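Below you'll find the structure, written out as structure tokens, and then a few comments.
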Amino acid sequence: MPHIVSIAVSILFDGLAYAMFLFITSVGLSVTMGLMNFVNLAHGAFAMAGGYIVVTLTRSSGVDFVPALIIAAVTVGAASVPFERYLYRRLYKATDLEQVLLTIGLAFMAIAVFTYFYGPIPKSVPLPRWLQGDVNLGFRAFPSYRAFLIVLGAALIAVLWYAFERTNIGAKIRAAVDNRRMAESVGINVDRLFTLTFALGSALAALGGGLAIQLFGLTPSFAVIYLVLFLIVVAVGGLGSLKGTLLAALILGVFDTAGKYLLADAGGFFIYAVTVLVLLVKPAGFYGRE
Amino acid sequence: MDASETQAVLSARSAARARAADYLARRHRFRWPECLPWLLAIAAFFLLPDRMTFGAQVLIMVMFALSLDLILGYAGIVTLGHAAFFGVGAYTVGLLIARLGYTEPISSLCAAAMVAALIGFGTGWFLLRYRGLTLLMLTLATAIMLQETGNLRSDISGGYDGLPGLTIAPLFGIFQYDLYGHVNYLYVLGVLGLIFFFVRRIVYSPFGQALTGIRENVRRMHAIGSPVHRRLVTVYTIAAAIAGVAGALFTQTNAYVTLAVFDFDVSAKVMVMLILGGTGRLYGAFAGAVVYMVLEDYFSKMSPTFWQFGIGLLLVLTVLFAPRGILGLIEGASGRAARRAGP
Amino acid sequence: MTVPVLEVKGLNRAFGALPVTRNVDLALEKGARRALIGPNGAGKTTLVNLITGALKPSSGRVLLDGEDITALSQAERARRGLARTFQINTLFRGLTVLENICMTIGERDGECNNLWRAAGAKRSVIDEALDYLDALRLTDDALKLVRELPYGRQRLVEIAVALAQRPRVLLLDEPAAGVPSSETHLILDVVASLDPDIAILIIEHDMEVVFRFARQITVLVAGAVFTEGTPEEIMANADVRAVYLGEAIPGGGRHD
């Protein structure tokens, strides 16, 4: 009996940490897709870029892990603005297909560029002492890094929730996701709003990419491999919904972890089965419109 | 208006009618430039005898891209999981040989087409109610779930190592497959010709027109009474069958198959080929697959990284500057001018 | 007493908490010429969407020839002779005008189930399509792509497509909307000369058109039928003048 409980606790804990990673990385994608209905398959590339910035800063420049995360997020957030301004903006009214192709193209180019500079071998990141080893919570010890992920994720959720629900800008974003034309007619500058959320979303993706190194290792193909997961979180949660993204990240994070613990062979199958089931019942995701 | 004036108006109108009717009645007829790709394919057989193994792979990708053109180019459905059907076809043949010892090539092709069609029908019936991101995710998930299923039963599928050393029986019981792939090439070319004939009929049929209507404006299709879902499931099933045949030929000509046939990369690659060539225009699949495969063959030997960058750049440039692909660029000015002058 | 061709009974629909159609009853006899008027946001287009099946009602029934079609899909209703035009052009913009009409005839006759015969091989389809274009003076534009036509000509194609369905009931949603006023008479002449057997419901803002065209008028306000009657009765109705005509006539023009 205690053995089963122990496994269940491990699944929950690891699943929660995984879910926080999924949430942090996907939430920007969800909001930008909800705002502009833009299918951005290059989102994973921004996350991957963030990861490599963290690797370079910590390995070559001796910057600590946490400051490196912050620098990576700010850098990628700023660098994403010209992409939005000069490339994405041209295709807001285009078809799904054109958006898919443009952003896949960008992702491929990003993978090639990072392979050229960093090679295809997985990179790791040196962690500060306080993130290594285990942390004892009295009844059990847990890996410190995952505990850190959970705490960081919870803090970000609180901040984002406050910004989304309680600030003026958050209200504007929600209004624009809900009904773009209406929002524009009451004088909200949706274009500028979008640039802002796009930069913020890319910054969070970069943060997620930095956090992922310790979990999965970092290779250039991260941009595509994990992209599928981010898209699933967005689709299942519902475009533009903070609540939905969180719920989807939690469900998929815990289910995927459970699948890997309990049915190692079935591994990937689980998460896709859940996705298909949810989407067949709720095509717009948990909290999507329509 | 006097009598002669009325007469003139009437005859002008009947001339306009005749021109319009003529245009529609002739559109599906065979045009001589359509011979060109086939002549090139046959010429390649004589001029490049030592590249026939590669040539067969190119033709297989042409067939695969052609099947995608039916759903993406004509019906306007964006899928990220077309590799599902390629993979199902490839594994049908692979399993027939490896697990049942059945090696007759032609009937294996038919079996592959049927199994792929069945899976296309089953998944299409569920998925084709959806559009946009939801559909993208569901098609993507279909391919991955099939791959994971294969992975789960690696005792049957061979897992990621796949099924190596698959040899097929001589074609029609006579033509033995040779090391240089000459028989393979002609075999694939023959099947492609047959399938192309079939696809061309469909595209110019009233059904094919209805698919174009769904792509152009699905709301209007509902309003004029079109059973849109049935049309989409039909074309999805047909495209799945053709992709299945392409996959089957892939297994037969390579003599092995691995679960990598279900990879997202495969779905993405065939889409890139089609976009590159031009969607919704039949021969786009030819132009795109040939250009892509030849470039890949050349550049990926030089540097795979460079090649990946090139593909990405090509995609971005295509979307921004040539949304109708290579053929669209070629047709572009001349086609528009011709139609203006015509009626 | 004949059965009306189209009958709407107790139709309700809400978007979230907002009711947009409230308990609407409506009947069209064979050959009816009825106008549906009402201020912006009265739910006129929503009613058309409910009748054609583009939207599902929360409650209520739609009957065609006395037969309940509420459970049928939009396409099934269209195949039974219920056609509409859209307020904003909804056409196959990348196809020629002729193809737009041929496609409609093909779907009407079940031709589009055919995967093998060439689409242009049936001369009768092309001839019939050209007849509709002739009637609307569109023959010269037959081979132009719809998107190359000026908006006013596209409005005519909307009507031609609906006619090619050989409808028994035709719902016209502001057929002259978005057309420069110098050209509206073209479209209204076409509407006035439509087959007298077709039952027609027209949504229109221009009161002059309404009073010229309609034999009955239904006034919709806030999703509910406010009143109905002959043009004379509506014109004389003080309440209607107060809620609607009073605001619409001075400008003389349309909203949108």
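Chains: A, B and C, in written order; residue numbering restarts at 1 for each.
Convention: contacts are C-beta pairs under 8 Å (C-beta built on N, C-alpha and C of every residue); 3 or more make two chains touch, one makes a residue touch a chain.
Everything quoted here is computed from the prediction, not taken from an experiment.
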Any chain in contact with subunit A as well as subunit B: none
Per Cα centroids, the chain farthest from subunit C: A
Distance from subunit B to subunit A - Cα centre to Cα centre, in angstrom: 34
Computed distance of Cα centres, subunit C from subunit A, in Å: 47
Computed distance of Cα centres, subunit C from subunit B, in Å: 40
Touching two or more other chains - residues of subunit B: none
In the complex, subunit C residues that touch subunit B: 52, 54, 73-79, 83-84, 86, 90-96, 98-99, 102-104, 106-108, 111-121, 123, 126-127, 130, 133-134, 139-140, 142-144, 161, 164-165
Residues of subunit B touching subunit C in the complex: 13, 16-17, 19-21, 23-28, 201-202, 204-210, 212-213, 216-217, 219-228, 231, 234, 339, 342-343
Subunit B residues touching subunit A - in the complex, by the definition given at the top: 72, 78, 80, 126, 129-130, 132-134, 136-138, 140-142, 144-145, 147-149, 151-152, 154, 264, 268, 271-272, 275, 305-306, 308-309, 311-316, 318-320, 323
Residue ranges of subunit A touching subunit B (in the complex, touch as defined): 33, 37, 39, 87, 90-91, 94-98, 100-102, 104-113, 115-116, 224, 228, 231-232, 234-235, 239, 265-269, 272-273, 275-276, 279-280, 283-285
